[in-house]
Structure formats: C-alpha cells, structure tokens
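Think of it as A, B, C, D, E and F in the order they're written, each chain with its own count starting at 1.
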Amino acid sequence: MLHTVNKSPFQTRTLESCLRHALPGSAVLLIEDGVYAAMQGTPIADKVRAAMEQVRFYVLGPDLEARGMDGDKVIEGIEIVDYGGFVDLTIEYGTVQSWL
Amino acid sequence: MLHTVNKSPFQTRTLESCLRHALPGSAVLLIEDGVYAAMQGTPIADKVRAAMEQVRFYVLGPDLEARGMDGDKVIEGIEIVDYGGFVDLTIEYGTVQSWL
Amino acid sequence: MKFGILVNEGPFQHQASDTAYHFVKAALEKGHEVHRVFFYHDGVNNSNKLSEPQQDDRNIVQRWSKLAQEHGIDLVVCVAAALRRGIKDEILAPGFRISGLGQLVESGIQADRLVVFGD
Amino acid sequence: MKFGILVNEGPFQHQASDTAYHFVKAALEKGHEVHRVFFYHDGVNNSNKLSEPQQDDRNIVQRWSKLAQEHGIDLVVCVAAALRRGIKDEILAPGFRISGLGQLVESGIQADRLVVFGD
Amino acid sequence: MSEVTGGVEMEEETGGTVKKFMFVNRKAPYGTIYALEALEVVLISAAFDQDVSLVFLDDGVYQLKKGQHTKAVDMKNFSPTYRALEGYDIDKLYVEKESLEQRGLTPDDLVVDVQVLSADEISKLMAEQDVVLSF
Amino acid sequence: MSEVTGGVEMEEETGGTVKKFMFVNRKAPYGTIYALEALEVVLISAAFDQDVSLVFLDDGVYQLKKGQHTKAVDMKNFSPTYRALEGYDIDKLYVEKESLEQRGLTPDDLVVDVQVLSADEISKLMAEQDVVLSF
C-alpha cells in the first residue's frame, strides 16, 4: 500500500494519522506541502525517523524544489522521486490511500 | 481584539497558534469546525481552560447545533452566542483577526 | 457601525460564505451598515449565476444577490482572482460587480470593522 | 497499467489539480493508460473554459483539454457537484463531459489503480 | 438507474467484477462539503454491487454524531442518510476507537450501529482494499 | 493606477485617512494560492498610503524561503516579489521567531531582510492594528 501526505506537518495532524495507519512494508510519499516533513532539523524529523524503521519514505522532488527545500537536507534514507517515480510507486505498492 | 478560530483543534494547529497570540483581555470566538474546541471531555479542553484564565471564550451556537454538540457539555464559562452575538463581539473587542 | 466583509472561499465547499452571509444578515438586523462584501480567492465563485443547488438545499448565490438588492450592499468580485477562475460578466449573478483589489483596501479604510471569512 | 484519477479541488486555490496533471502526464510518458479523470467537489471548476490566467502563469483548464485530446482521456465532471457550483455545458471546456457519479465508481472497478488528489 | 449511475450499464461495463471499495471519511460535517458529497458517492456505489466499506476516523467520526440540527445555519442536515445506508446493503461501517475516545465520544453518541475498531485493525482492513476513496 | 486600485480615486474616497493594516501570512506557498494572492493585495495597498505591515508566522515563514525553483511544478515563482516590496515603501516585514525555529530556519534562509519578533511581540503589534487581513 502507498500512502500519500500532502499537508504540512506543522499545520495539520494528517501525517500523524497516516503514520498511525501505515503498516510495516507499506510506503509513504510526501507531496505538496507534505514535503516539509522530509527535512532534517525539525521536531517532526524524529517522528519520521522512528517511522522509517518499518515504512519506506519517499518525497516528491519537484515540490521540494518549488519550496526551496534543499535536497541535501532531506532526512537520510528518504528517497527523492519525480512524477514518474510517483507513478512507479503506485504500481509497486498497490492500492493508494491519499491522506488529505 | 477578537480572534476567531474556524478549524477543528484535532485536525489543525490553528487554535494553538491563536492562543499563542491572544493577549490578556482579548476574546476568542470559536466558529464552524472550531466549535469542537469548546466541548468538555477532550484533551483540548484543558488547554482551553488554561487559556480562559486570561482570555474570554465564546462559541457560535448555530455551529454547535448543526454538529450535534450539546450546549450542556460546553466547557463552563464559555458563552454561547448567535450570529447577532458574533456581530456584537466584533464591536465590543475591536479589530478582528480570523485564524484561518 | 460600518462593516466591510471579505469572503475567501467559494460556495458549498467550505462554510465560509455561509457564515459570512449570516453575519451580514445579523448585522443588518441590528441596524448596522454593511457597505461592501469583497469576494477574493475562490470566493469569486459565489457570484456564478449558473449555480443550481438541489431543491432542498440553500441557494448561496441567489441569497447574496437578494440581500444586496434589498439592502444596497456592494458585492465586489476581485477581477484578477475572477479571471483566473473563469468568472466573467456573462455568468455574473445580479447585484455583483467585478472590480479591482483597491476596493478591498478601500473597504478596510472606510469600514469600522473588516471581518474575514475563509478556510 | 490502467489508471483512474480523482480530482477534488478546483484550479489555482489548491495544488491538487496541478499534481494530478503532472502525475497523468508522467504515467502517459511511461506508456501507461489513463482511462478517465473524474472531477468532483470543487474539482468541477477545472472545466470552466472562461478561465483566463495571467500570461506568465499556467493555464490549468486548457492544459487538461489538450492532454485529453492528445491522449483520448475521458474527462468527466460530476453533474451533481457541477450543478451546485454553476458548471454547465455552456461554459464547459473542450474534452470535458458532464456525467454521473457512476463514472467514478466504474473507474474504480476498471482501473488497476485509482489515485485521489485533493486538499 | 442509468441516470444516477451516469449512464453506466453495470453488468455490461463492469463485467461482474467485484472489488473491495473503502471510503475513508476524515473530515467533520458542515465546515466543508466533503462528508455530504462522499455520502453521495457511497449511495451510487451501492448500485454497482461492489464490496463497500466505510471508515470513519479523525474528525470523520463527528459525521455520525447524534442530534444534528442545521436549521440555524440553514444547511442541509444529511445525518439521517447514514441510517438509510443499510437499506442499500451498505452495512460495513467502521469507526476508529482512538478517534472516538480522543473526542470524548462513545458508540452511544452515534446515529448508527457501527463496529468500533482499533487503529491497527483499521490499518489492516485498509491494506486489503482494491480501491480507497478518501475525502 | 485607477485600474489597479479598482477605479478608486484615493485622495477623494479615503479622505486622507491612514490606518494600520496588517497582513497575516500563515500558509506555505504553492500548496495553496493564498500566499500569492495575499501578495497581490499587499502591492495594491501600497497605492493607498496606509501604514502597512506584513507578518509571517506558522507555515507563512516558508513563503520567504530562499531558493524556490518552480520549473518542475510549472507554477509561477513569486518569491522575488517579496524583494520588490521595499520599492513600494513596504518595509515592515516581521517574522515570528518561534515559527522559524520550529522549522529549523534562520533569517539567513530568507529572501529578504526581516525583523524577527517573538510571538509575544507579534501579538502586541497585532493588537495595535486597525485592520487585519488574514490569508
């Protein structure tokens, strides 16, 4: 299963809700304002790192770039993908749940 | 100053942001999905009660009723107002800041 | 008291336009003046006269038109936001007019209170 | 792979329609099929042909029309959501058609993946 | 029927396929339209004989709260529709325990009988679906 | 000028009144249009000779982040406009310290020079305003 999160973790509790439901072996893709959760140096980063022990994390590169978020400061282990990579993830992980 | 909050405190951090900026003597009016913050028996209620030591709280009655929220279970000390009461509050407290 | 109102969301999707409407109605009932309602962002969609809600639901667009006509309220739709979203004179409901953002700033200057409704 | 897409927000206000567009484009480039994009809630506003964004901005409505025409994608606007919001045939952009919610359920049945874009 | 289903002739077009459809409801009613319009999709889905389930979590649990009265906000009260779902053979309604408790609600506060599941149980159910529609 | 201001003849209609206008920016850029359209109001307000200030708090601080490149999302990059504000005599830009720190940002990360204020200082400034426009 692929979970997408498009909200800032500082504004809403959407990411928390997603992480409460992402089973081991599933994946989380951060898109739109959700990409802020992929950055190092915030209190959110610790939660993401903890979740990464069981769940794979991806982040949408075009959304990082738009927001001036430096790819070098993305949490180690989170893979940056483009729109084509997004498509591939939906194929690889099966059903998609969009946490809106 | 009158602060309005229209978001559920369980979904967003809007109420927290409002409370961080509501000075003693100002008022907070909970409207739309913000009215859930006025209810007893949730972890949010404690934060609201703490804030009530310095700030007056109001909640929009029509929005409580629409959502099936019982007026009897509103936190003691929060005053229920109708749309006319909303108008009065904007006059009484001066400038309005809508926390969207 | 003289009120200016800003509506930032379209009809139905969010409650903002509903709350703004009830606020304006209550202000008028109390004898206050509402000199202008400014529609910005998706709020411009409140002026689309093609809107045809189900019979058992409220008609948000018509409600604004009626209120404006009865009380002489100036309903202003932001031209830049409207162009972007496809709101033009040919689908504009009665009582609305399309104009510039200066009308919003002016409303802030002239009104005793400017109240914002959005998401 | 066969994709169905659901777009829940209108153009410009939220990024949902943009992300959906780039997703569809990437899927097509990889040789997949996108049989239908269903526009629901404020998503119906993506079909308003009167939309005229600034010169230096993307034209979201035209972009969908063009993609549909070039790749034979079925762009379906929900009739109930559209009526509510004032989207009718007279302002419908090329390549879009108005139909019922059954088209969304059918898309879920027929597609290998249904991907939702919203707020 | 062909009107509500958007002209789709079900047997013909969907070839008897039965998929697991889950509707994920996470937003409060009235503040936004998602709850109401999600319900409209759910009702239509009944015509397609799919394996449909509804999940209410986060603020979505508020959709089922008893005692909604919308006269003063002049909006359509759609909460009775949840009670009508059974008549459409839609009877898999799941509510998340954690979401209910956090909001100080119990199953007695809800307009319909639901199964209360833990977040973990909801997660497993979600992972079994073919299509997840989230609003 | 009368075009951008919506036909309002400033001196005539506003009678030389100068009010304190505050624009409160709390949303991230690109995910929603609020940041961009708020900036359009700010630019127009310059024509009215009001006492204008901009506050960036919560996710609004991200609006000022350096290095925005919008080519891949095909959206308009409006971040250079913040640097143009000074030319319109709009130079009261305040950023909330707490919001910056929580996001791991420093003033060096921002496209313009701003005054960094504490939540308490922002609150006091807000309380002094005649008009607060929030997006």
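Everything that follows uses one rule, which is that contacts are C-beta pairs under 8 Å (C-beta built on N, C-alpha and C of every residue); 3 or more make two chains touch, one makes a residue touch a chain.
All values reported here derive from a predicted model rather than from experimental measurement.
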{"item": "Farthest chain (mean CA position) relative to chain D", "value": "B"}
{"item": "Maximum centroid distance from chain C, chain identifier (CA atoms)", "value": "A"}
{"item": "Between A-E and A-F, the pair with more C-beta contacts", "value": "A-F"}
{"item": "Equivalent interface positions on chain C and chain D, same or different at half", "value": "same"}
{"item": "Length of the line joining the C-alpha centres of chain C and chain D, rounded to whole Å", "value": "28"}
{"item": "Approximate Å spacing (C-alpha centroids) for the pair chain E, chain F", "value": "41"}
{"item": "Interface hub residues of chain F, defined as touching at least two other chains", "value": "30-33, 58, 73, 75, 130-132, 134-135"}
{"item": "Where chain C touches two or more other chains at once, by residue number", "value": "8, 12-13, 15, 22, 41, 54, 57, 80, 114, 116, 118-119"}
{"item": "Multi-chain contact sites of chain A, meaning residues that touch two or more partners", "value": "6, 10-11, 13, 32-33, 62, 82, 95-96, 98, 100"}
{"item": "Each pair of chains that touches, named by its two labels", "value": "A-B, A-D, A-E, A-F, B-C, B-E, B-F, C-D, C-E, C-F, D-E, D-F"}
{"item": "Chain B residues within the chain F interface of the complex", "value": "1, 13, 17, 20-23, 26, 95-100"}
{"item": "In the complex, chain D residues that touch chain F", "value": "12-15, 18, 22, 54, 56-58, 119"}
{"item": "Residues of chain F that touch chain B when the two form their complex", "value": "24, 26, 57-58, 98, 119, 122-124, 126-127, 129-132, 134-135"}
{"item": "Chain E partner contacts - residues on chain D that touch it in the complex", "value": "6, 8, 40-41, 76, 79-81, 99-106, 108-110, 114, 116, 118"}
{"item": "Complex contact set, residues of chain E against chain B", "value": "27-32, 58-59, 62, 65-73, 75, 77, 79, 102-104"}
